[in-house]
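One chain, chain A, links the two complexes that follow: it is found with chain B in the first and with chain C in the second.
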Partner chain A sequence: MTPTVTSHRTRPPAQPASLRARRLPWYAAPAIAVAALALSVVIVYGTGIGGPVLVIVLGAVLYLVGLFAAANAVEGRRSARNRTWSALIHSAFVLAVLPLASVVWTLVSKGTERLDGDFFNTSMNNIGARDPNGGAYHAIVGTLEQVGIATLITVPLGILCAIYIVEYGRGKFAFAIRFFVDVMTGIPSIVTGLFVLAFWVLIVSPWFNDGRPSFSGFAAALALAVLMLPTIVRSTEEMLRLVPAPLREGAYALGVPKWKTILRVVLPTALPGIVTGVMLAIARAAGETAPVLLVAGGGAAINFNPFENNQSSLALFVYQQAGEASKYSPARAWTAALTLVALVLILTIAAKLLARRNRLSR
Partner chain B sequence: MGETPHRSADAGTGGTRVTQSHEWPAGASARVAEAPVSTRSPGGTGLGGGGALPRNRKFGAERAFRGLTMAAGTTVLVIIVAIAAFLIAKAIPALRANTASFWTFEGWFPNDNPPTFGIGALAFGTVLTAALALLMAVPVAMGIALFLSHYAPRRLGNALGFLIDLLAAVPSVVFGLWGRDYLIGPVSDLSVWLNKYFSWIPIFGGDGPYGNSILLGSLVLAIMILPIVTSLTREVFLQTPTANEEAAIALGATRWEMLRTAVLPYGRPGIIAAVMLGLGRALGETIALALTLGSTYAISFNVLESGGNTIAANIANRFAEANDTGRGALIASGLVLFAITLIVNIIARAIIYRRREFTESAA
Partner chain C sequence: MAKRVSASNVTAYYGGFKAIENINLTVEPKTVTALIGPSGCGKSTFLRSINRMHEVLPGARVEGSLTIDDQDIYDRDVDVTAVRRTIGMVFQRPNPFPTMSIFENVVAGLKLNGVRKKSILEDAAEKALRAANLWGEVKDRLAKPGAGLSGGQQQRLCIARTIAVEPQVVLMDEPCSALDPISTLAIEDLMFQLKDKFTIIIVTHNMQQAARVSDRTAFFSIEKTGDPGRLIEYDNTQKIFSNPSVKKTEDYITGRFG
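== the complex of A and B ==
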């Protein structure tokens, strides 16, 4: 490739230039960009139809058109297409970074406003609309308990289910399970909330509660468990399939029964990958609002008992504070959101780092 | 025998559910490996009898363990059936009490006497916002994924890919809060501008007020599913065999032609899977939309005016005030949502399962 490359083509071998092909000079792309922007300014302010945002949008469109026309005239149609698509792909990246960066920036700048000891040590009990303090202690307790119980339920169940699919399952029945695990990953969280509402809160819980339905943290944990189960089954299944067959064969050759081979050889080998999957599932469950909203009730006071009375959770706390008509509630909502994101991200990053150290690479 | 794990290991993609690599039916590798255990001679009559294996007992640890795993597997089917059964059981009384048409009535008054509620506007809003969000998010997501996998320097691509993975884990309530507090300003300005110059297009018509509109809701939704779709498609694009890419370039293809002829066709099942997963998220998204939509009960294609509602957002908004019939009505609407997502998911899985064989035999 000659030195006449434009900025967005830095890897030489991607496009071997024909020896005699004519190419746009290096300054063509920036020149077109400046011209497009200038034209756009003239159009927008000349007709008075918009402001600086429109200038940039129109300028980008004009740049694409101009680039295509220039490259088409000099280098031919194929190269023109290549340049235009390359510019489009780069602009898609820029387009997406703006809102995502804005989310992160807002989260950090607004979230640190109330990030004090009070927030982590008090609940919303007896906090009225005019009180600036109040915190999320009860919500943090709720999140940890609910996600913990959900994990205790799902991890054994999910791993056993994955073992059945990979090691024992045959024929149509195993295929059906696999298929419905896939389908289950797509069930909306609010539907699992409604399911637990219909099943646990309205039908089962009256048995323990003098005939009255009762919300509880345990119900939320059940809903989260339904959400986590397919994720854990899928990731465990993938990991079990990666365990090399010679390991199993070695165990069989030594006369170890199959169940013991699975428990003592296959599972320990796949363990880091399984833990990664579990942590990602926990991270997702911790951020779910809808099921908790429907079945946990969301109280304002600290409640350590997940089996009785209302409980809140961080995600639910964010949602409730967002809907409250107090000038202090947005700050609480943002700080809770920041806490929640920090919790989820720590779990996710730990899971990814663990996955990197996994010896069973794909 | 040793071939089995290698093939599955090469084609596997881990927990991302993108291009599942089960060209073997479940348990195939175990079936081969199991052979020495199951073909056993009960008596052990060989020389010296040292090679004899224990007898296949009727009630042993092996059977117990197998039964345990099978029970766990069956739980999944039980849960799916139970979800449908309990939702139907709770929905029927409310549907019986409903005095308006459940499918066409545009309104939600299940707490009144007599109760009237209809799913039509909600189902329409659900599909409309999800479709708009996908329309906005998928092209951009594929652009970013291609940029990260084939344009950016490898190191930068990996670092940004990691960041995108992290953003995919951010809970939806955070996006909802952001949309409600910050995006609403720019979107209102945009709505006013679009309405001023493009009101001749019906979807941009109306006279306001602007703000909590379908446009805002679907934009928030699009931004929310963007990282998920991006991280899935990026992994698909990264898996294109280098040989295919090099072959395309060796034949004189430009970079775009290489992407179009080698990378995109190879990743098509994975792209479909990613889009369907994004669609599933968008259809079922609750909180982000409950915070940003205007909660009205009318079927309208106007995306600028305050309004719009979805099944999930409606459940979140109306749950607190619901009485017995109200809860039943919300559960009935949840049943419709469950049916919609189930159909979308089954279609998507069927496409992927069929496509996979084709792609792998071609690869």
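== the complex of A and C ==
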């Protein structure tokens, strides 16, 4: 018994006589896919209007139409809609993953060319356009120090700020802070770079440098900190708000003071989410080029001291190598990009494992 | 140990809304007192004002005076955390701390208030869990998460957590409303035992439960929606359930209203 299609909008569908329904055989969908693809090949190459990309796109459209028609004929309208939408959702997923997979593939295939000991042990000091070796040691040091300092500054500050907003903030002041954090989220990184350049490099740093302004890794860390802070505050705030009020009340009812409740009950409960937010901020900061270029200046030599003289970073290294007039530099740029992604990935995994270790095993 | 709680002219507000008005009642030490009444009449509000949990909500405040053994808990120089340690509270829905193990949950009150010594904590945990009728079920899995217990076990865990800090008054807000009859009986038995040491005030919608466990019963009610809740009648449980002096009470307990 097939329920009529038009009537169900006006009155409830009649009770089906049986709970069983006719289904397409399992091989129907793959068969339709193959047929659609074959038809598409014939059409595209027969008329000579396009290449393989058009074949796939046309094939997908034909598959959707064919699937809908087949399901509609055998299983009825509702089931046909269901099949079409599932197919659409799956294709959306594939479309979303394709660029990601392609990025990873390109990175790995091009980045492994210079993935050698030399790359991680040498800097670009005294490396000319004709030298095939040279490495990113100085850039790795720069990235680790700058992002490390920025994290040390922003994590405590950001979490405290979020705690204030969620647990203590009342009225206009808290509202103003939230508003400014929102505004800060939208500041372009080049602007934070300019801000640190104008404020730290040009005005403050001369005091430490016999009156001359100086680039430094620390200035870059400051710029990155300005970028990271709003992300950390917002994500921590969301996580703290997710902690149910009965948990807090449970602790209060035991006579636990508010600050201790926050420290020992609320924060641990929200920790995994907070860690995720912090890692997102770190990942974003590690990929920033403009502020580092503006206030740390870049440089070819290894400089361990973040408080004096030029420093480079991996992102900046990629930028500079990609624009270098040497046939060896593109390979260095790819390897540095791969290193950067791997570094962020390792940090993220490590942080998640740490956060998980604090939780109880079920 | 147990203390007398007495309220005089207690009025509580949520912002501009007056939830209860002029509540006067005295709860004797080592008794179980049941608060009954229709939904929204302010039982929870009154209960929460006894251990100063009411003021946790923004804009909420309490007027009048509440004393335990002649000490006004709303005095300016009273330490709120001390009040809450003296007057413990069990909530309607079990709320074990999700990041803590069963053991840590039970001793949370002690640990977070500065008790460090392991032997003391272990003794306290065993004592509280035994008192809450939970020891047998969890003694082999103390290191497992508290959130992994069944609902009834979680509620008894929360009771253990509350009595581990050795309060003198225990407030319970519908502690059995999410529990099966067996866990409910276990908790009622528990109240009988706890009565030896604590003063217990319990909110319940279950008339039989109120009749079974309590020595005295207070009936709260509201005139109509939006009016503040008032104490209608407060007497020995026996009297309330057999021969109430106010018509409204009789209507309520016989199911004719509310």
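In this section, the second predicted complex is superposed on the first by the 248 of 362 C-alpha atoms of A that agree within 3 Å, B and C clash if a C-alpha of one lies under 4 Å from a C-alpha of the other, contacts with A are read in each partner's own complex, and residues count from 1 in each chain.
The criterion applied here is as follows: contacts are C-beta pairs under 8 Å (C-beta built on N, C-alpha and C of every residue); 3 or more make two chains touch, one makes a residue touch a chain.
If you're wondering where the values come from, they're calculated on a predicted model, not measured in any experiment.
S.K.: According to the stated criteria, A:Phe304 is in contact with first (chain B), second (chain C), both, or neither; which is it?
M.R.: neither
S.K.: Quick one: classify A:Gly250 as touching chain B (first), chain C (second), both or neither.
M.R.: A:Gly250 contacts chain C only, not chain B.
S.K.: Per the contact definition in the header, classify A:Phe208: touching chain B only (first), chain C only (second), both, or neither.
M.R.: In the superposition, A:Phe208 contacts neither chain B nor chain C.
S.K.: Touching A:Pro268, do we find chain B (first), chain C (second), both, or neither?
M.R.: A:Pro268 contacts chain C only, not chain B.
S.K.: Between chain B and chain C, whom does A:Leu229 touch in the aligned arrangement: first, second, both, or neither?
M.R.: The answer is first: A:Leu229 touches chain B but not chain C.
S.K.: Looking at the overlay, does A:Arg170 come into contact with chain B only (first), chain C only (second), both, or neither?
M.R.: both
S.K.: For A:Pro330 in the superposed arrangement: first (chain B), second (chain C), both or neither?
M.R.: In the superposition, A:Pro330 contacts chain B only.
S.K.: Considering only the touch criterion stated at the top, classify A:Thr185 as touching first (chain B), second (chain C), both, or neither.
M.R.: first
S.K.: Per the definitions at the top, what is the overlap between the chain A residues touching chain B and those touching chain C?
M.R.: 170, 244, 246, 248-249, 252-253, 255, 257, 260, 362
S.K.: In the complex of these two chains, what residues of chain C are touching chain A?
M.R.: 51, 53, 56, 58, 81-86, 88-89, 91, 93, 95-101, 108-109, 112-113, 143-145, 148, 158, 161-162, 165
S.K.: Which of the residues in chain A come into contact with chain B in the complex?
M.R.: 8-10, 13-16, 49-50, 54, 78-79, 81-82, 85-86, 88-93, 95-96, 99-100, 102-104, 106-107, 110, 156-158, 160-161, 163-171, 174-192, 194-195, 197-199, 202-203, 226, 229-231, 233-235, 238-239, 241-246, 248-249, 252-253, 255, 257-260, 262-263, 273, 276-277, 280, 283-284, 286-290, 293-294, 315, 318-319, 322-323, 330, 333-334, 337, 340-341, 344-345, 348-349, 352, 362
S.K.: Can you check the complex and tell me which residues of chain B touch chain A?
M.R.: 1-2, 4-5, 8-9, 12-15, 17, 21-22, 25-27, 29-34, 36-37, 53-54, 60-62, 64-66, 68-77, 79-80, 82-83, 86-87, 89-90, 139-144, 146-148, 151, 153, 162, 165-167, 169-178, 180-183, 193, 197, 223, 226-227, 230, 249, 252, 254-259, 276-277, 280, 283-287, 290-291, 312, 315-316, 319, 327, 330-331, 334, 337-338, 341-342, 344-346, 348-349, 353
S.K.: Please name which positions on chain A make contact with chain C in the complex.
M.R.: Contact set of chain A toward chain C: 170, 244, 246-257, 260-261, 264-265, 268-269, 271, 358-360, 362.
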